[in-house]
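Here it is, the structure in full.
Each chain gets a letter, A, B, C, D and E, in the order it is written, and its residues are counted from 1.
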Amino acid sequence: MTQALDQIFVLTKQWLLGFVPASAQPICSAILSVVPVLIGFPLLFAITTWLERKGLGRLQNRYGPNRTGPYGLFQPIADAIKSLTKEDIVPLTADHTVHFLAPVLLAAASFLGYAVLPIGRNMVLVNMNAGVLYFFAVGSVVELAVFMAGWSSRSKYSLLGAMRAIAQMISYEVPLVLASIVAIMQAGSLSTVAIVDKQAGYTGIWPHWFVFTPWGVVGFALFMIAATAESNRSPFDLPEGESEIIAGYYIEYSGFKFALFFLGEYLGMFATSGMAITLFLGGWSAPFSFLTWIPSYVWFFAKLLALIAGFIWIRGTLPRLRMDQLMSLAWEFILPMALLNMLDAGIWHFMPAGVLRWLVCTAIVAVPCVLLGQGLKRNKKFQVRTYQFAK
Amino acid sequence: MTVTFLILAVITVAGTAAAMGLRNAVHCVLALTVGFAGVAAIYLQLDAQFVGLTQIMVYVGAVAILAVFAIMMTHTPLPAKPPTYSSFWLLGSVVAAAVFAVLAWAICSSAASTQGLPPEPEVSVQQIGDALMHQFVLPLEIMGLLLTAALIGAVVIAMDRREETK
Amino acid sequence: MVGEGILKGLVETARNFFGSYVGKDRLTTVQYPEERLPQIEAARSFPFLVYDGPDWDKGMRCVACQICEKECPPKCILIKKSADKKPDAVGKPQFYPAVFNIDISVCMSCQICVEVCPFDAIKMDVDYDLSTDDRFGDLLLDKERLAKSNEYYNAIHPTEAAAVDAHFAEERAKAEAKAKAATEAKAAAEAKVAPAAQEQPVGGETQ
Amino acid sequence: MITDASPAAQPELEPLSETSEEQLLEIAMGPQHPSTHGVFRMNVVLDGEHVVRLKPVFGYLHRNHEKIAESETYLGSMPYTDRLDYMCPITNNWAYALAVEKLAGIQVPERAEYLRVIVGELTRLQNHACLIGFLMQDMGSSGTPLMYAFREREKILDLFESLTGARMMCNYMRFGGCRVDMPAGWLEQAQNVVREFPRFLDEYENLLVSNEILMERTQGVGVLSKELAINAGMSGPMARASGVNYDIRKVDKYSIYERFAFRVPLGAHGDVYDRYMIRFLEMRESLKILNEAMRDIPAGPIVDPKMRIRGFRPKPGEAYGRIESPKGELGFYLISNGSLNPYRYRVRPPSLINLTVLEDLCIGQNVADVVAILGSVDIVLGEVDR
Amino acid sequence: MSSLQSYLLLSALLFSIGLAGALTRRNAILVLIGIELMLNSANLNFIAFWRYGPAPAKLTGIMFAIFSISVAAAEAAVGLAIILAAYRHSKTTDLDQMNSLKG
């Protein structure tokens, strides 16, 4: 029974495929796999915008949207209708073709990454041999779309925003890839399915997730920091810092194209979160062995929503970094830590299992982490100050 | 020669031709990325998955962005439009056409052209990694050295030496 | 330790997140059309003219002295004095406003007209959800639209209105005594007692 | 166009070199910009991301306040002063009332002075709380501190409303006192608000004071030296953050401020962090004043009984009345020729004077710092443009 | 015409396009891009020959392509850096104007 529930989507697809002739089966299979992703994740986007506005509202002691529908649940629909009916303004001097292509390319590129994400047991669009590489390769297309948007608008603000965005994305792609390498090293494969399978076992009730190792937790933290920067989320949302350069590269967009940018940004966030889940949080596997009866896709989306909640929480709390600080964080902290973490993962691999391995590997990452942090703090010379009063 | 190959070839050639022919430099680079992506797709079609993805990552994600950055940085705000093509464009085109003619003649008359498609080789990333670490370890090390040198060299060359000249 | 301050901030926002579900003091938003804040007595929106009795035109306290027109800082009041004098409640002939207009697109709700009025004839309303789609016609309030009854005034500003009423009652008693004395002295039969008892005579006090 | 947008880390505050003019990027921040705190424009010339020149452009909100006041009666200008610094109308009222009282030699009853101090310090609380919130908003913390500040401000505005009838355009002071006395139960309500305010300050402290990102963004940014602060005529928290011990409440001892035990916090660095911490500490000091004032408030009249509301003609002369408004030294200069309206009426707005150093603070900084620096100056365009 | 031939023809075409661009364009960056394109066509040749070659399991073609891509990336970075430096010096990227050694 639980088996059937777990595989219900796979079985449904098989059953549906039985009705089409054998020659059309590959293409039908592709359609049947792609369409749910094309529908499901935009739906998740709608839910996330609602969640974000509600969550941010509560963080800020407000109600958040509560007028459209019960608990404001129809707010995303209202937003969609609004953005669809808005006038689409293109600046007179803009490069019309590129201006039009940029949001389309961005949204399309954001969708591509989902092809290798295993969202459930046997539920992956393409089990690619070089899945993780594919993921990062299509991720780099987003930069091009951002540049197209910023350049074609012929606005100084959008150009400045695009330059910031590209500089930030390129800088954080390196730590993002380096942070994910530890999981690849341990799994011995670039295939996302193989990485998840490697984490699917249990010792007692505890899962074999990579995040429950010293290098795993550091890798996960670094990956999430880099992913936050990569998807332009607060506190790394400088490219669209609305208080500085207003909206960055998509300042000249309105209506549906603006909505596409919004969609692309959120899809990118889901994709990188999904990759973090795949690499470190055991993908679709349950957190405890006695919870495996819950279908695998439920676990995947539960983890995804938990990460999104974390994003929202951080967004509601932290101010934005500055460009040079962002860069120095990437190059002076995240990059050395990621390299060190790779070494740590290697040592973990070759040391015999036991308490000693734990101690050694924890020390290797924890001590430099603290030292680097202290060094950064001392270098920057910032501290909580005490103040004097006039006599 | 399959339909897929034809489509990809047309996209690639159109992209690269546009990249070399368009007036606006940024348009050229954007068109070029289409060409690069087309080449990557052809690699995938040829079962070279790893190379294809690397091609996208390096060319679309890095080289194109780098070129675009360079164009933005060397942008002169002068309104006067300089001519797009060099003064000896005719000579250049003739040379290029001649090269293509020679190459095409060579290919068409080559004996290698008679081969059929061998069965799909099983190339996993693990194999590539193994090969890089064993058989090709010396080239790999040299490549690492080269990339490091290029990184440092590029930074040194591009660095603004305004402070020193003062 | 780096990140300590960030963690503290995260804990604080989390506390507010959950606190907003528990405590009312964190979630201070008032869901406006459904629920409203309690009416505040001191509140002020735009001025209105007080009248006594059932007939707004007859019972209007304003005697068109034009002090408010002069003192209004943005000059949003227009008063045209009547040509004739109308015998007011006490019987004293007084001018009345032939035209009394307030342009509430100009009015800045400063309450100075209320403070300078010697006759307690103009007061501040508390109605705040006002809107119109007629930009020019609907924002110029004339005499009829400005007139509000004394009962309404009593309802929105009870303490203030009670003091005004007490003051008027005193004045009325004085005026009645005076009128009585006059009738007795003159012994004239024309007993021109106020037709409606509740119509208060408008006092002649200055400043 | 853009020159230094390369991904490599840029050294902080590198010495500016002679970049050729065409490589500079001039952007107009404002008048339609979310973080200019109103309709304000900064023409910023950037070299990469660094500010080379900055030209403030203002006057979009000019309403001819001073000239209108010269054709109004003395009282008629009182509601207009509400609209100068619309974040803290009561202190504007107070400064104007003080100037007129000086001009005409009017005494203010004891109870009215206490009332003035209470509402004045409440105004300071809400202004400083909101300012810190806005500053964080400018640095992109998606409005959370601002919303907390607004939550507290709401309580203070409720107090103002039940006292004066309006939340923001209070029009509360009168020459020789205040317009209305406290309604029943107001003092308890106010004491309640003051008692709960420290909880909000602790919340702020947890959220912001030791936040690493915030410290990195604000410490050493927009440094205003003590000399420049004095030479440019800075006042208020802006001057005190640079270490200038200048608080008009202590210097002039106007009203009844010498009766309260409060301290004046002084900054040592004069950067954005100091400017916002000084305001933070001032809120705590204001709470002390409020507690004492609400404990000691005597009974009595609230306005000078000799004062007439109409036909007020001060004898010819001139007077300058100033107070420590939340933003700095707010002064009104009046010349009377014995008629119903002032012959000359001049406002010394703290926002405008504090804004004059904006270019000095911003040059060499990052473009992202410009909004933080502008936020820390604490301007209200109603007061700057008048 | 067999499949290998068509791949080789495409590669030759790309090479010629790149060559034409490198020879005719005035913008130094686009000339560099033309050179990149020529490198790409060479890679395409490697991959095609590997796929149609007698021993695809040996991965030589793939290795060549990977190293070639790496070299191309390094070349692009250094080349663009040189162009930037030249631009700072002569304020132009026009090759017809960058014709004097003295600058």
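Assume a contact is a pair of C-beta atoms (placed from the backbone, for glycine too) under 8 Å apart; a residue touches a chain by one contact, two chains touch by 3 or more.
Worth saying up front: this structure is predicted, and the values here are computed from it rather than measured.
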Chains contacting each of chain C and chain E, listed by label: none
Centre-most chain [mean C-alpha coordinates]: A
Comparison of A-B and A-D by number of C-beta pairs in contact, larger one: A-D
Chain A-chain D separation of Cα centroids, rounded to whole Å: 42
Centre-of-Cα separation between chain D and chain B, whole angstrom: 60
Separation of mean Cα positions, chain D and chain C [Å, integer]: 33
Junction residues of chain A - those touching two or more other chains: 59-62, 159, 163, 170, 316-318, 377, 384
Sequence positions of chain D contacting 2 or more other chains: 1-2, 5-6, 8, 144, 148, 151, 207, 209-215
Residue list for chain B, restricted to those that touch at least two other chains: 50, 54, 62, 69, 72-73, 76, 155, 158, 160
Chain A - residues contacting chain D, complex: 56, 59-62, 156-157, 159-160, 163-164, 167-168, 170-171, 234-235, 237-238, 241-246, 315-325, 327-328, 331-332, 377, 380-385, 387-390
Complex contact set, residues of chain E against chain B: 1-10, 12-27, 29-30, 32-34, 36-37, 40, 43-44, 47-48, 50-54, 56-57, 59, 61-63, 65-67, 69-78, 80-85, 87-88, 91-96
Of all residues in chain A, those that touch chain C in their complex: 55, 58-63, 66, 313-314, 316-318, 370, 373-374, 376-377, 384
Residue numbers on chain C that touch chain A, as the complex places them: 1-3, 5-6, 9-10, 12-14, 16-17, 19-21, 26-29, 31
Residue ranges of chain A in contact with chain B within the complex: 95, 98, 128-130, 133-134, 136-141, 143-144, 147-148, 151, 159, 163, 166, 170, 173, 188-191
